[in-house]
Amino acid sequence: MITWRGVLSRFLGDPVAIGAGVVLLVLVLMAVFAPLLAPQNPYDLMQIDIMDSEMPPAWRAGGDERFLLGTDTQGRGVLSTIMYGTGISLLIGAGAVVVQAVLGITLGLIAGYRGGWVDAFLMRLADIQMSLSTLMIAIIVLAIFSAGFDANTYADYAIFMLILIIGVAEWPKFARTVRSSVLGEKNKEYVDAARVIGLPPRRIMWGHILPNTLTPVLVISTIQVAEAIMTEAALSFLGLGMPVDRPSLGSLIRSGFEFIFSGSWWITFYPAMVLIALVLALNLLGDWMRDVLNPKLRRGED
Amino acid sequence: MTDTPIVETRGLEVRFPLPTHFLSREKPVLHALNTVDVAIRPGESFCVVGESGCGKTTLGRTIIGLQRPTAGEVYFRGKRIDTMDETERKPIRRDMQMVFQNPYASLNPRRNVFDTLVEPVRHLMPEMSASEARTRVEEVLDATGCDPSWQRRLPHEFSGGQRQRIAIARALVTNPAFIVADEPISALDVSIQAQILNLLSDLQAERGLTYLFITHDLSVVEHFGTRVAVMYLGRIMELAETATLFSRPSHPYTQLLLEAIPKLEGGSFDRPHPPGELPDPVNPPPGCPFAPRCPIAVARCRSERPELRKLKNGAEAACHLAE
Amino acid sequence: MPMLEVRDLHVAFPQGKTDEVEALRGVDLHLSKGERLGVVGESGAGKSMLAFAILNLIAEPGRVSDGEIIFHGQNLLDLSEREIRRIRGNRISMIFQDPMVTLNPVLTIGTQMMETLRAHRRISDAEARRLCIEKLKEVSIPSADSRMEAYPHELSGGLRQRVVIAIALLTDPELIIADEPTTALDVTIQAEIMALILKLCREKDVALILITHDLGVVAEVTERIMIMYAGKCVEEGPTRQIIDAPRHPYTYGLLRALPQKVGRGQRLYQIPGSMPPITALPSGCAYHPRCERVTDRCRREIPELGDGTACFSPLTPVEAAS
């Protein structure tokens, strides 16, 4: 049995986990408190001056101390856009994982517990879904969406669309994980005991089996947040993600990409660094969690 | 003791289809139970003994309703229960409970003791108030030798013996009349086995419980059972009062089982036995299922299946040669 | 001189960063040629640990922290892994509870047996094959010839354990360590396997260390018994003497807790509580919180195994017989 106290003590004993945790915490706090911390509000057109565009970081020649990491082509401070952009990236990542988890856990639980043709149907559906790449589905749907609506509507709904598409496209990962745990749990005697009492299947599934399958769900959730953020960044980079006036980390990287060779490398470089740090921290935490929570890898304690 | 059985099975059969390739023409089935008739009397400890694969666990699971019979009937106090739907069956569930073999698996690891124990009360006795339910839980904890302070703790904090007490408390919380105990002590250490057996005996004396006690261990049966059914390959080979079975076993298989018990006096293992194996339950032999291992089998045993019949000493045995 | 002698064996496992807990707390054992010894205890008593320690198989992060294991005058703990391999599986064989620990599921019985044989002997293929079939016949495996080509999953549990015994016998060992060899088997199959082990040990004068929780099995098979409790041996002596007149209260309790010792309907004797985990041992004698004969001394001092029993107030022969 894994206790919270045990997990905490393992966490404090692992420098990599602490490092990843601190990076993640800093980035999350930075994103949440962006409106208070950021030197400028990049959404506020009143604060933006086109005259400030393409300024290098403050310590370089021609830099301005108002813009620590320089400015982009529209004169927005790169540091401020990163702070706001990280928030949008995290929001899409977390939102997409919530959609994945709700769909995946429900379908995985039903498939595993019911078995038979229900299981076969849902799992073949998952196979088909998995054989179409997430990026491909997203590109098609978003391309239709952006062609079908005018730019303003697109800008308003882009974030929901991204959450929905990435969420729906990746549900099979959760479903498969949950299903295989359910298959392991459903033949245990505590489930039989619940059936002897006559509990309806719904209550056995959600009340008894689900809580015992959540450990692997926690692990893949972390890694899936990282993946969703990457997917969103890739889509934005392709011009199908967040619009330039509400930029995520991906759209920030894109907006500066054309100017790398004209010397304004900072517009792309700093958002890219933050994206890498964020995804790396999430993946390291996910790996660490898998090692700690997987009983097969644990030794000598119980 | 009245003669109206509390639980009765008639012609009970359970067949499991085996997984095959979906194109294969053969559809092999495993006969887990074959025409099993038992009548369990109120207040007795009816033991079912046999080796793995003999169908003893399937019998218990079919009676309690975890397994649907392929054919045959199950009665509880004269009412047929195997065909009931959930609403009809619900009032009966509080009278029939089960204790499982492995106390490490039979308690949900994420639920504390109180939640585990109160669930049957909430579901099966909705007329009880929350405080009545709490009193009931404390009552059964006390009756099974559990400390009331255990209620807020999780199963992993307890030893195997303590967990089995909690599992017994869960079975008792709805105040049932009949309990299926499937190998309740075989996962426990020797010194703990005695504690649990004594607890089960005490509870029977206090509450007039009827047990269906499933075990592989004949020495426990001798101590605990009122009557015994010996099973082999899904069939009852011998059914007798405990004392009769142990003093004069009628079926050769029962005799083999009794000889195989390791005894403190020694002497059981001095004679090497040839390897005896359970025949393939998917393709059982045509005659007596025990004939391939039977030391006294004759030609008739290999062609004609013996039915369970009453013998002179009051026991029933499925053997052509038993008297 | 005994063939095998274990002196003051300690096995420790790390706990936390700096601490260690002892799974074996000083165990002595001696075994002469052809002698059959039973090591009895409940789960967690350290009986399997003892077997693993003798074969130098304690898994990381555990370690033998003290003591000697002398086999024919040689301390096994001083040997290199290469040297110990010449003894393990050759002069000392092992039979585990689960035959599939020994058997590789993807190789035929014959391949595995010949491999074992050739790891320790330089013989020709034909000779190895002949020897393997001979051993399979010795353990009464029907149609031994054709079984050489069978895979482990094609055999029943009882036959698999027979094959494991045949493999254990291949190198004509002087000692077999059997760790719960029949616990996973049915009663009638257990009787067959134990009868076979007993017969082979007697015929070939092989010594046996039988590790089990089952006093009945030990009473049937062994000549001497060691009773283990919480990492220590609490009683040791000839089998009949211990079964008929145990002196340690724990042994006495274990025996009286068996249903076959009391009549129908009578209450079984029950030892209260359960064995403490090695991480939370009580002071003094580890058994004292469960003992009816506990004295103040038991709570303070750890009794040593003098003249057969580690107890400050052992039962008298008269008490033991009752």
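Labels for the chains are A, B and C, by order of writing; each one numbers its residues from 1.
What we mean here is this: a contact is a pair of C-beta atoms (placed from the backbone, for glycine too) under 8 Å apart; a residue touches a chain by one contact, two chains touch by 3 or more.
Keep in mind that this is a model prediction, so the values were computed, not measured.
Each step here moves to a touching chain, and the least such steps from subunit A to subunit B number 1. The pair of chains sharing the greatest count of C-beta contacts is B-C.
Rounded to whole angstrom, the centroid-to-centroid distance between subunit A and subunit C, based on C-alpha atoms, equals 54 Å. One inter-chain figure worth recording: subunit B and subunit C are separated by 32 Å, centre to centre, where each centre is the mean of the chain's CA atoms.
Under the contact definition stated at the top, not a single residue of subunit C touches 2 or more other chains. Across the complex, subunit B is touched by residues 42-43, 140-142, 156, 158-159, 162, 186-192, 194-196, 198-199, 213-217, 219-221, 243, 253-255, 257-264, 266-272, 274-275 of subunit C. Within the complex formed with subunit A, the subunit B residues making contact are 61, 64-66, 86, 89-90, 93, 96-98, 100-102, 105-111, 119-120, 123-124, 154, 156, 167, 170. Residues 51-52, 159-162, 189-195, 197-198, 201, 216-220, 222-224, 242-243, 256-257, 259-278 of subunit B are the ones touching subunit C in the complex. Per the touch definition, subunit A reaches subunit B in the complex via residues 1, 188-190, 192-200, 208, 211-212, 302.
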